[in-house]
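Okay, got some structures for you below.
Both of the next two complexes hold subunit A, though its partner changes from subunit B to subunit C.
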Partner chain A sequence: MLLPTFALIFFINLYPLVRGGVISFQRLTVFTLNRPRFIGFENYRTLITDPNFWNIILNTVVWIFFSVLFQLVFGFILALLLVKPFKGRGLYMGVVFYPWALSGFAIGLLWSWILNGQFGILNDILIKLHLIKQPISFLSDPRFAMFSVIMINVWYGIPFFAIMLLAALQSVPKELYEAAQIDGATMWHRLVRITIPCIKPAITSTVLLRIIWVMNFPDIIYGTTRGGPAGATNILSVQMINIVYYQNNFGKASALGIIITGVLLAFSVAYLIVAEKGAFEL
Partner chain B sequence: MSQAIYSLRLKVTYYRMICLVRFIAARNGKRYRLIEEHIVCFIIVNCEEVVELRKFSFVVLIVLLFVGLVFAETVTLRVIQVFTSPLRTKVLEEIISKFEAQNPGVKVELISPPYETAYQKIYLMVSAEEPLDIVEVGDWSLSALASMGKLLSLEPYLAQSQLTGHLVPGVLDAARTYKNTAYLLPNAIYVKTLFFRPEITSKYNLNNAPATMEQLLEFCRAITKPEQNQYGFDFRGKGYPTAFIDIVMTSFFDDIDPNCMYLKKDGKLIFEDKRALDGINFYLELFKTAPKDSINWGFDEQVNSFVSGITPYLFQDPDTVGLLNELLGSDRYRTAPLPLGKGGKAYPTIGFAGWGITSYSKYKDIAWKFLEFFNSPEINALWCKDYGALPVDMRVYDIDPYFKSDIFHGWTVMFGDTQHYQFTKYPLDNEAWSEWNELHESTMQQVLLGKMKPETALKTWADFWKKAGLGK
Partner chain C sequence: MKYRVLSILRVLGLIVYLLFAVFPLVWIILTSIKPINEVYSFPIKYLPSRISFDAYRYLFSFARFQVYFKNSFLVATVSALFSTSFSLMSGYVLSRFQFKLKHFLLLTLFFVQMLPTYLLMIPQFTMFSKLKLTNTLLSIVIIYTGFGAAFGAIMARAFFKSLPKEIEEAAWIDGCSRFEALLKVVLPVFLPNVGAIFSFCFVNSWNEVFTAVLFIHSDHKMTVPVALYSFVSKAGIQWNVMAAGIVVALLPTVLVFAIAQRYIIQGLTQGALKG
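Right, the complex of A and B next:
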């Protein structure tokens, strides 16, 4: 009975992973598709010795940290607002959650026109409100580009946190709040002492899931800046796409994919050990 | 005993069936593989075990009918395009339906992947020998596809075709980039020229197109008024800006190798020449007359900005014509030859796209028929007119006065003046080419942002090409 499941996992998960690992040690470009040859760690060496590599790593850390942080904060606030029933709650939830239903690439294209430094609607609104005089190059000025793509990602990711945390909030026993109220606990105390500890497992797992997704989520950046200008928004997953689409070097892209997998694996284990304070076992 | 006879009879029936299937196949001029014959016969013979003989005959009849239908199927040509756009797909479908009407029994299935992923899809499909008969090949993908060995040499067909006599000179040479063999039949050529908007520039008393690069900069500076949202040059910073940088840089030279854009006639790389630095500095000056945002502009933004009049001077390919006619109307823009540089010359490249046939296609002859049909003057005119490329067949220019109209002024001048406009080629057959565009784009962006010195960029480029074996 286990065989079909195993076969499915093997072909869908394991085989591509192993194949990706093998390719990462080959010189496999569009010119050598039919005759790949093994070149050892050459792909990894070229990647790591690239002068832009550490800049890309730094960008990736910034991208993940701020995206997930703001998504968590705003998602949590949203979940708290939605936990008590009110009239029109269903409709409100529908409107608030809709960004989650859009494709990342479509969001990238949509926002690249909204934030366009020349014909963008956001600049137009800001100028008409007399808040700025010159249009801001949101996506083409290296000072703003990373901020802009993170903002788009936060807009996109809030609903996910809200949905997950809302589900967790609804399972917190009401008796705890009643008891706390009798003891004279303030709102803040109830939040810190009851709500957060009760939904901590949900927060931990949602944050971990989001970190993995955000790291593997090149859609928004690819749709807006393709990692530019001059590498200001280049993160690992975008660089991987650029290597495939621009350089047509599949071996090098696989090597980067393996690096991403390794980093995520190491991070996930470390994160769970810290978050579960030793309760986590491999 | 009866069991043995029964089994023997089954075997005999089985082999009779195989003969019958082969006979039908032979009559239809098709060959079925052995395994397929056996599958058909196995089904039939096994039916006999469960039905009576009379019923069996009935089943045989039905199956024969089915087999006949299978064999009578039409030939399906599978065609994949690269430069997909709604407009282009519409024209392509129109041409395909004309071809199908002329060739009963032939069906053409068009595959239109999004442009961004089209090359990768084609590379992978072709390398895995997935069913494809005709592949769109652009100048930039030719060497990669041909080096895989999956494209058919069209030389035998070309030798017998009458089309070759009417091709625009140089087109076939351009198509023979890889190992001096034509692996595609170009159906359109692309050469960049200057587009401008007289109704905008005339407000600043600039009625003529700039003839030189110096003049272009002067004009652009004169009309740049950021507070009025008016700029000069329609800059391209993202998504293959290579050709735009090179047009400006090489205009400072007068000794570019006709066979390689990045080499001088003495065989040395242009990036090591002092004139390249002048070229880059000039390009930076041009950037100052463009919106800052344009460092993140690709084709769409360029066209948008040109149409809205924010930047009235644009370098682009003829396929922009189709778009501009639709968005602006053909009377609201003009074309002029590329401005000449300090070297007194301009170095455009001939880009081309066309169809190639896969080496493993089952219907090579029919595929060639499609290629010839596509390049026939009437169809080529239709294709180039609606899509906005330059026709490859010289007869088209006589048939259709459209290609002699004002819109094509820029190209007409450039093709006629070989002294000032020297066509050259990119090193497309060099393996490093596919890595070049990303490096070129990102280093250029750093220079534009002031994060890298022009000298450093030039050195990076020179080192890159030296490593790739170009230049002395």
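Right, the complex of A and C next:
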């Protein structure tokens, strides 16, 4: 009964992971697939000594930090708005949570039309509201590109946080609020003293899960800027795909993949430690 | 009074978010049914003066989207069927039995979730090219089944755990074998959850782009995301056609989500979090 799943996992996930480690020490391109040559740490050296490398790391940190922060804040607000039942709540949730199932790549393409510097509707609205005078090239101006892709990612990720936090909010015992009401606690106090402490485990594990996921999410950036302009939105995952698609350098891309896996592992271990402490049940 | 202000704020917040969430999809649909001269009009025309299906006609004849759509549908359906059945089997065992390696296998399932498709596509490509399977739909079906089975197993296990054992045990007492009990008693109750796992796997396979772009080269084997990807680099694609392509890529998952969202959400929150 277990065999099909775990045989596949071995064949599709675990063995390729090891194989990727081997390839990262080889000179291997799409044209020399059958003639790999071991070159030691050469791939890693080219990666790390690339002057853009630290810029990519910085971009990745900015991308993760602001994406997750705003997804958490807005997702939490949305969950709070939804926690008390009202007529049509099910329908409302069914409608607003739909981005969650969409292709990130197609979402990127979709937003690049909305943010278009010439015919984009967002520029049109902002000009009509007299908020800006000249249209902004949201995706082709290096000053705005990172901000723009993060905004798209926030739009995409709010439902996930809202779903997770709503589930947690609904499990906070009602008696606590009733007791607080009797003691005359204000709204704010109830939020800070009861709600947030009660759902803290859920927040921590959702955030960690989301950090891992957002780091691994090149889809939106690939649908909009592919890391450009001038590397302004280049993050680790996008860079790896660019090396595969444009340089066809499998060895170098695998070395970057191993670096990404290392970072991922660190976060996964953190996640599992937090999770084992009681946030979820394995 | 204070309560009143708050509830007005709440309604306002919900309306603002509704507009924010729905507006991109509405805008792309509007773009896809505009006549071409209104797509690039200045100042921007919000609503089309007449509805034009030119973009879709172009897409499904000249741009051969009927082929890509069929490929995507085939790949997503077949891989979801396999991964759903595999994950039901392993989810059942992992929820009902105690054995030595169980903790290790569960950790493996969770660990595998952290590895995205793009990270493993190079070694997978070298493996499949040794088997002479690159540039086939079969190759991506196998890969998607693997990814789906891992996640599906976590969901299935959570579902089975929430299902009282007593239902099964009652059937055993009535003389059913374990398998019969599963088929006749558990499965009917469980059907919505099977649907949730299936749609989750379907959606993920439908949306996957990076492995497919690397593996598929022949035009007649492309999936919808690969076709969209090649659109971007093609010069002279008009935005109403692009918009129609995006709508075609998005709509199936929107529909699947609309049907199965309640159960998917239930499975997700049960699988990942225990409040």
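Convention: the second predicted complex is superposed on the first by the 252 of 282 C-alpha atoms of A that agree within 3 Å, B and C clash if a C-alpha of one lies under 4 Å from a C-alpha of the other, contacts with A are read in each partner's own complex, and residues count from 1 in each chain.
Here, contacts are C-beta pairs under 8 Å (C-beta built on N, C-alpha and C of every residue); 3 or more make two chains touch, one makes a residue touch a chain.
Bear in mind that the values here come from a model prediction, so they are computed numbers and not experimental data.
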item: Partners on subunit A (subunit B, subunit C) - clash or fit; value: clash
item: First (subunit B), second (subunit C), both or neither touched by A:F31; value: first
item: Subunit B versus subunit C as contact partner of A:V96, first or second or both or neither; value: second
item: Touched partner set for A:S137, first subunit B, second subunit C, both or neither; value: first
item: Which of subunit B and subunit C A:A168 touches, first, second, both or neither; value: second
item: Of subunit B and subunit C, the chain that contacts the larger number of subunit A residues; value: C
item: Subunit B versus subunit C as contact partner of A:F119, first or second or both or neither; value: both
item: Subunit B versus subunit C as contact partner of A:L110, first or second or both or neither; value: second
item: Contacts of A:V244 with subunit B and subunit C, given as first, second, both or neither; value: both
item: Where subunit B runs into subunit C (options 7-15, 79-87, 223-231 or 439-447); value: 79-87
item: Touching both subunit B and subunit C, residues of subunit A; value: 33, 119, 244-245
item: Subunit C contact footprint on subunit A (complex, rising order); value: 1-2, 4-6, 8-9, 11-17, 19-20, 23, 28, 33, 77-78, 81-82, 90, 92-107, 109-111, 113-114, 119, 121, 124, 155, 158-159, 163-164, 167-168, 170-171, 187, 199, 202, 205-206, 209, 212, 216-219, 222, 237, 240-241, 244-245, 250, 253-254, 257, 260-261, 264-265, 267-268, 272, 279-282
item: Sites on subunit A touched by subunit B in the complex; value: 29-31, 33-34, 52, 116-119, 134-135, 137, 139-142, 225-226, 228-231, 242, 244-249
item: Complex contact set, residues of subunit B against subunit A; value: 116-117, 119-120, 123-124, 127, 143-144, 147-149, 226, 229, 237-239, 291-297, 301, 304-305, 308, 310, 431, 434-435, 437-438, 441-442, 445-446, 448-449, 451
item: Residues on subunit C engaged by subunit A in the complex (per definition of touch); value: 6, 10, 13-14, 17-18, 20-22, 24-25, 27-28, 31, 39-40, 42-44, 46, 85-87, 89-90, 92-94, 103, 105-112, 114-116, 118-127, 129, 142-143, 145-147, 149-150, 153, 203, 206-207, 209-210, 213-214, 225, 228-229, 232, 239, 242-243, 246, 249-250, 253-254, 256-258, 261-262, 265, 268-269, 272-275
